[in-house]
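Before I ask anything, let me first share the structure, which is written out below as structure tokens.
Naming follows writing order (A, B and C), and every chain is counted from residue 1.
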Amino acid sequence: VGKPVFNSDRYYDQPPTGVAMGLAWTQLGGATLYIESVASSSGKKSGGLITTGKMGEVMKESTDLALTFSKNYLKKVQPESEFFDSSSIHMHIPEGATPKDGPSAGITMVTSLLSLALNKKVRNDLAMTGEITLTGKVLPIGGVREKTVAASRSGIKLIILPESNRKDWEELPAHVRKGIKVQFADYYDDVFEIAFKNSADQAGTESP
Amino acid sequence: VGKPVFNSDRYYDQPPTGVAMGLAWTQLGGATLYIESVASSSGKKSGGLITTGKMGEVMKESTDLALTFSKNYLKKVQPESEFFDSSSIHMHIPEGATPKDGPSAGITMVTSLLSLALNKKVRNDLAMTGEITLTGKVLPIGGVREKTVAASRSGIKLIILPESNRKDWEELPAHVRKGIKVQFADYYDDVFEIAFKNSADQAGTESP
Amino acid sequence: VGKPVFNSDRYYDQPPTGVAMGLAWTQLGGATLYIESVASSSGKKSGGLITTGKMGEVMKESTDLALTFSKNYLKKVQPESEFFDSSSIHMHIPEGATPKDGPSAGITMVTSLLSLALNKKVRNDLAMTGEITLTGKVLPIGGVREKTVAASRSGIKLIILPESNRKDWEELPAHVRKGIKVQFADYYDDVFEIAFKNSADQAGTESP
């Protein structure tokens, strides 16, 4: 499937807090990519977001969307947290020379932000892809085949796909799905359950 | 009528609070689309509006217009509410990679904002289209035929059109109008009555 | 004179407070257009102005000019008013998809703002056109013929033109002037007298 546009295939054995792995689809094929978030300062001012990593317009809008959703989601899962009130966030996608765009990193960005806010690591054998809406609905993405190939190549064991991409997964040839488990997400709740559970007790749909 | 540019045909059975369904007209035909609003933070600062979803210049102006109108309208229907004084709003139109523009989502944006402010869901079988002015006048839109087709395709039962588009509706062939009821709105008051009534006790003009 | 670029010919029987009708001149002929102003919030902060309606750079400057002039004019006609000190203003020109530009809406913008500040409706059979300066001098505009035609088409009975356009009016053929009265304004005082008098006791120069 051509030369991957990203070199970054899985350079963390266990991603640190604030880092989640996504799946991208480029002209050169699929690729795994990390989304990294750190608190860039804490003080009186809240809510600021800096982004780097050569993101296009749509992807920058995704970061705003992810931040709003994450703030509201954190209020649900950890109501006492003041993390987003007291922190400014810097979100980066490594390989700063490679242009990136599109909305399909939505759930990965949210997972990166919540990992940071909750101070919980994301399970290390997981990659995910899906557009998110303000209400947490997970919307379909393109390139299921190429993204699955990229996940395999990076040694990923479990991927999260949008529920509405289920048919695309089921139509993949067995050799492409080999060794990869999948979980389908309809709302972000589904992603959250998977990403922050221990990998030991987490089972996906086994591929044939 | 060609391939729809949006995949999003009705992915909520019942849209959550803050979500309303609009009707768009694109080069590829009509499409349903959701407008989502959430309160992105509450604090001392009020009135900020973040928008995402690849909106063009005219559509971004529509969001400002919708916010001003909604603030004033809320003072009328719920004078004691301090919602807009104590909230920042994030408005998003899903499918972040699809460019969207034009003023015809005006009444849908207002309905999304008022749903959020009033904490009332919009009836779930309804889609609407119409430009709005600062005084709440509903102005005509284009693509009545294409929008009606899109509404049918998404399982919508009732649409709101501007009063000044009545003749366009009446000229539609019976097979296009089949199964769709219509209500015409001259001022936003008319939209409000329909959107926030229970679907059970709400009847439109039955199509032949 | 071609198809009008605006559909909006007189969609208010009586414009609400804050709304005044102007006359525009476009490539496609003349057109009537409304200028709408509302108070978008009231609080400690004053004087903010939001504008929407696809205004070009010159027209946006006109809105700043109109606001400054209106603040000073209000001090003259209603010195006790604190309206502009305690309100933010949103000014909109409907038909948000139609680009608009030029300085000739100056007196209409001022009239819209003063209508809002004074809580007085503008007489409903009136349209006006004229550039304004910071001192209230009314400067000449183009397209007198096209604008007169547009006013007739919209059922307008009285128009205000700049004094310095008097010769353009007098050179119009009788059939164009038919049914339209005109008043000439040299300073904004002249506009104010006409716009806020009852239409009953207001007489213009009868056209032959």
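Details
The definition used in the following text is that contacts are C-beta pairs under 8 Å (C-beta built on N, C-alpha and C of every residue); 3 or more make two chains touch, one makes a residue touch a chain.
In this text the structure is predicted, and so the values were computed from the model without any measurement.
Interface of subunit B with subunit C: the two copies contact each other largely through different residue positions, with under half of all numbers used appearing on both sides. Distances between chain centres, each the mean of the C-alpha atoms, put A farthest from subunit C. The angle of the rotation superposing subunit A on subunit C, based on CA atoms and rounded to the nearest 5, is 120 degrees.
Subunit B and subunit C have Cα centroids separated by 31 Å. In whole angstrom, the spacing between the mean C-alpha positions of subunit A and subunit C is 53. Residues of subunit B in contact with two or more other chains: none. Of all residues in subunit A, those touching subunit B in their complex are 46-47, 57-58, 61-62, 64-65, 68-69, 71-72, 85, 102-103, 106, 131, 133-135, 137, 139-140, 164. Of all the residues in subunit B, the ones that touch subunit A in their complex are 7-8, 11-12, 16, 18-19, 34, 36-41, 50, 52-54, 90, 92, 94-97.
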